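You will see two complexes here that share subunit A, one where it goes with subunit B and one where it goes with subunit C.
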Partner chain A sequence: MSTSTRNPIESLRDMENSRIGLYVVLLFGIVFYLFPMETAVMTMFKTQTEFVETVPFAPPSPDGFTLGALMTAWNTLRPGLVNSMLMAIPATIFSAMAGSLAAYGLTTISWRGQVAVFSIVLAGIFIPYQAVLVPLAQFWYQILPDLMNGFVNTAFGFITGGNWTYPTRSGHVQLLQLSITHAAYGTPMCTLLFRSYYKGISDEMIEAARLDGATAFSIYKNIILPLSLPMFAVTLIYQFTQVYNDLLFALVLVNEPASQVATQRLAALTGGVVQSFNTTMAGAIVAALPTLLVYIFFGEQFAKGVAE
Partner chain B sequence: MAQLTLDDVTKIFHDDDEGEIVAVDEVSVDIEDGEFLCVVGPSGCGKSTTLRMIAGLEDISSGEIRLGGEVINDQPPAQRDVAMVFQSYALYPHMTVRENMAFGLEQSTDMSEEAIDQQVTEATDLLGIDDLIDRKPGELSGGQQQRVALGRAIVRDPEVFLMDEPLANLDAKLRAEMRTELQHLQERLGVTTVYVTHDQTEAMTMSDRIAILNDGILQQAATPLECYHEPNNMFVAGFIGEPSMNFFDVERQGSTLVADDFEYDLSEETARELGDKTDLTLGIRPEDIEVIDSQSGRHDYEGVVDVVEPRGSENTVHMMFDTSDSATFIATVDGMRDIDWGQHVTVRFPEEAIHVFDTKTGEAVRNRKLDSVEKVEPVV
Partner chain C sequence: MREILNRLRTAGDSLRSVVSRDESDGQTLATDGGTQAAVGERRRDTLRDSLPVQWELIESAPFWLPPVLLAVFFVYGAIAWNAVLSLTDFQGLGEPSYSQLDFSMYARMASDGAFWQATQNTLVLLVVFTILCLALGLLVAILIDQGIRFENTFRTIYLLPMSLSFVVTATMWSWVYNAKSGVFNQLLRLFNLEGLVITLLKPAVVNADVIQWLSWHTTALAAIIFALIWQFSGYAMVVFLAGLRAIPDEHYEAARVDGASTVRMYMRVIIPQLRASAVSASVVLMVFALKAFDFIYSLRGSQPGANMDILATMMYRVAFDSLRWAYGSAIAIVLFLLALLVIGPYLYSEYKRGEL
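Entry: the complex of A and B
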């Protein structure tokens, strides 16, 4: 056979055009997506001088290697990472559960006016976060505290003596408020995702369950919920990424340093007077870690849920 | 006793564009305890809607449905003591066969786990699916899924089985097998059954009685043979029987029916039956047309063979009269008989086999005589 004697030029000439096209596209993919990643990782391990002296994507030399930037970034971000988890995980789970239940009620059960209700829910997706910042802050910092103060001091005045005040300044309360806000704003999108999924579930199967004597909630619990697991993976990943990456609501609702979330800490890390690229890169990588892990662990179900 | 009665049952759908649509129009039928009734008709005739009203999946616009004398119009599906088998089987994909079958009992009764398990086992034994009990629907063939769907209905031990084209998704051979099996099963369990199908063969072969629907109106409810030989109207005559009955527009002139291609002499007796109607349709079943060699009687006509469809046991022969642009009609002849395209033959329309319908109303004026039907006396 002549294969063994063929030179690279010959084999390149024999290659199909489509294959060449594929490689060109893949090459672009590498340049656009992987180079920045690689550069970030390399920069993270370089000293400041090494960074200035070498090309960004080159690996650090033995002298210029340091873990200092990573340590600084980790120490700065660590409390933020914990806060982010405490805030994002419950918000994500709540959005997914509420979205699933709402979608079930709006799709599988039929009742008058459900189209109108769904339209309102749908409209919730399109409200820009910036548009609600002021009313949102007013709600958490004025309206709710006033209401709570009035209620608690009236109903339980015999205990509080009328001196109770809503703990607006408490870091934990602020984090909880942020979590609730995200849960509420994530629910419409989750409802939409679940609704399109539930529309594909056979009507006859639901009718069979009704004939079997199942109540509306029993149908949800025994049939709809087990069948929605792939969709839960999709909404959990999507919603977690959204909530975790948000900075805007966090800036407005959380001002206690101890309760700051990862994105706020990252902003603080990079916002100094002197731009140190190595700590910036290290911070970005550390902050991105949880979302990366979520994709790795739920990726398969995610693909299933999207494909179905 | 579980006699199921439909009394002037009507279903009206309200549509924004087209206004009111009457899907089922005052259908009344009595289904005896243990009877197997097939509801048959073309797509959109209201047969599935009727079934869904019995099941409680659709509201009844007017009329009454009674089960064992009790009006069940407003009872929710679960309380009606009916079980339904769907065309798509509608099995729960995440549950095993056992769980699928037990679900109804778990939801609607407070039976103990052992009792439920026993009932499920009995049903799976009966259907011969006891080795599939721990599999999920996705791992079963169409025929097996069909059995599980049946099992899910049987295990509930209901007063009435409702089946919505349960065999439509099976291949022809399996369908024929399941047809027999379903009949056996129904006889054995003795449960009143309402079976919806668009397939007249299924209806003919399985049921004690057939209810034929068209445009939401009940055309006839009778035994298969009655529907076949004594149809109420042209729709029933044309719908039941494969290949369908031949129809010829005729005008009555004295004691003769005059068609475009032939004239048909009537005997005095038949003429009397027709009364004074003149605008008529002559109907004759393909197997009643005799294909003979030479002309000898007064109901013999010249015919030319157009297409022959061999079916093994018989040949379906499409024919024309020996005139230019004549109507085509179908005759069935013995499978062993040698008959070819273009062949000139004589066809005979025996008078005892003809049906005559009023063309305007479609109603049967005269049906074939059943004197010639052989009766097999049971051996004592």
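Entry: the complex of A and C
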């Protein structure tokens, strides 16, 4: 990335002191950014008496060591983790696909007015979701069930006898609704990520293919899609993190305990009356694990997604 | 990657030479009276030219129209509906009645002390968080840009908190801020500073012998802001680092030749060139701040108390705890307008500069 020779500080390299000072500050930065996580990891292995009596960042003593908190947290969160995956993975794939297609139609094929259309989509990234919460709840819990009841009982009345009702209270349906909601609200961000990438693809290649009579679809399939693979990695990773980490939509759309996602379960664990911090810290680490793993293995892609 | 691109490019070139030969053949033939293929081509062209809209728009519509419609339905449809709902008196169970629309919810809002308190908290959070986050992010970016070793490791660790969920970070910070055995209070106790901080910060009416960071009105909002800065300054760092890397080396060298000190060089030459980075980072940070709901909710539930109640938490509480849907919608509209105030000018200027 940067050539180290260009840097003016480089000429000061002889001045060991300023160099050492720099690294001291940077190491202090590491302490600053990691200490809440470090205390969480230490605390989750401590017994109740141990974490009250010792300093939070010290490792547990042999007597105060326990895996009990971790087990409790794991058992509480495990169903939530499964639900989170079931919900987040399809939503992420859908958003990335939709974003890629939209960005292709709005970038690679150029037409007047496409920037205006793109701006409309783009604004969708920035809205506070509170502004859509009440209509969302209305849509998923009133409008859609009413429509579906009417449709199914009219069209298939001879089977249902007019008694079919949309399973609003089914946990699986709620999870599906949450997934669709995330897919829809994730699409603008994915479109943005793909658009900035497609802007960099040379026009010559596309022009050549077009002159050869290639259709818009075959250009997408044969040229754009293969070229997009690195960007798919970036988008999938970024979007998965976003969807997995969300709490607000889940709070509003999922109320069946069996279908709650990991963030909901953790919030319930944290908000409990008894503050057993070893269990809540273990819960935080367990709930963070999927995104932490993604970040550790694909940090570069995540940073790219963030930088857009 | 580059190899693939190159191969594709050469493939494209050869394709094009083939195609252009075909084209010229077609033209010569056409002047000779025309062949089937050339006429067909021309007929399609005239058909395309006679369309009321560009052919490319129609051709590309199957790709962008469905996703755009989905986004428009969920984003704009929902916001418009929300605006209408805010004009009704919809509350409790049942269905909204649209027969009588008025601004009574907004009137109620204007006379609601809790609303003004939440608005004030939101604005303070927005401004203080964004400015401090930018400042810290810039400082860290400059430090990382000094050609250090293990640059990637430092960058990865600094950005790590951002990959975590608000719920996770809120859980961790609830422990850090814990009055009895949290890290902060234990450290202060270690250096015998706890008493001093208590005398400085304890609210007049409170009777406590430990620092309750999240409950005292003198510290609650600051505690939230501090934790959010911890989580998002890494983001500001990444944006500024990209901005710093885009500045040509000559600018550094010129300042060096002029004999400017390092601090002076950054103040006069380098930082002024980071305006674009600062603007885009602050827009995104403000949007994060408006969305800080998840964090506060995980920390304190839907009733965080007046000290850290922001519009986002108030809206959720009013609508989904008290079932006062119309009032919640009205608060949501205010929140939406606040966001629009932040991003509207930004998107417009980006559009004008052709950056979109």
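Criterion: the second predicted complex is superposed on the first by the 272 of 308 C-alpha atoms of A that agree within 3 Å, B and C clash if a C-alpha of one lies under 4 Å from a C-alpha of the other, contacts with A are read in each partner's own complex, and residues count from 1 in each chain.
Here is the rule we go by: contacts are C-beta pairs under 8 Å (C-beta built on N, C-alpha and C of every residue); 3 or more make two chains touch, one makes a residue touch a chain.
All of these numbers come straight from a predicted model, not from anything done at the bench.
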{"item": "Contacts of A:122 with subunit B and subunit C, given as first, second, both or neither", "value": "second"}
{"item": "Touching partner for A:218 - first (subunit B), second (subunit C), both, neither", "value": "first"}
{"item": "Between subunit B and subunit C, more extensive residue contact with subunit A", "value": "C"}
{"item": "Partner chain in contact with A:17 - subunit B first, subunit C second, else both or neither", "value": "neither"}
{"item": "Subunit B versus subunit C as contact partner of A:181, first or second or both or neither", "value": "second"}
{"item": "Touched partner set for A:163, first subunit B, second subunit C, both or neither", "value": "neither"}
{"item": "Touching partner for A:283 - first (subunit B), second (subunit C), both, neither", "value": "second"}
{"item": "Shared subunit A surface residues [contacts with subunit B and with subunit C]", "value": "202, 204-205, 207-209, 211-212, 223, 226-227"}
{"item": "Contact set on subunit A toward subunit C in their complex", "value": "1-4, 6-12, 22-23, 25-26, 29-30, 32-37, 39-40, 43, 51-53, 55-57, 98-99, 101-106, 109-115, 117-124, 126-139, 142, 181, 184-185, 187-188, 191, 202, 204-205, 207-209, 211-212, 216-217, 220, 223, 226-227, 230, 241, 244-248, 251-252, 263, 266-267, 269-271, 275, 277, 280-281, 283-284, 287-288, 291-292, 294-295, 299, 302-303, 306-307"}
{"item": "Residue numbers on subunit B that touch subunit A, as the complex places them", "value": "55-57, 76-78, 82-84, 86-88, 90-94, 103-104, 107-109, 152, 156"}
{"item": "List of subunit A residues in touch with subunit B within their complex", "value": "202, 204-205, 207-215, 218, 222-223, 226-227"}
{"item": "Footprint of subunit A on subunit C - complex, ascending", "value": "1, 4-5, 8-9, 12-13, 15-16, 18-20, 23, 54, 56-57, 59-68, 70-79, 81-82, 85, 95-96, 140, 143-148, 154-176, 178, 180-183, 186, 230, 234-235, 238-239, 242, 245, 249, 252-253, 255-256, 262, 265, 283, 287, 290-291, 293-294, 297-299, 301, 311-312, 315-316, 319-320, 325, 328-329, 331-333, 335-336, 338-339, 342-343, 347, 351, 356"}
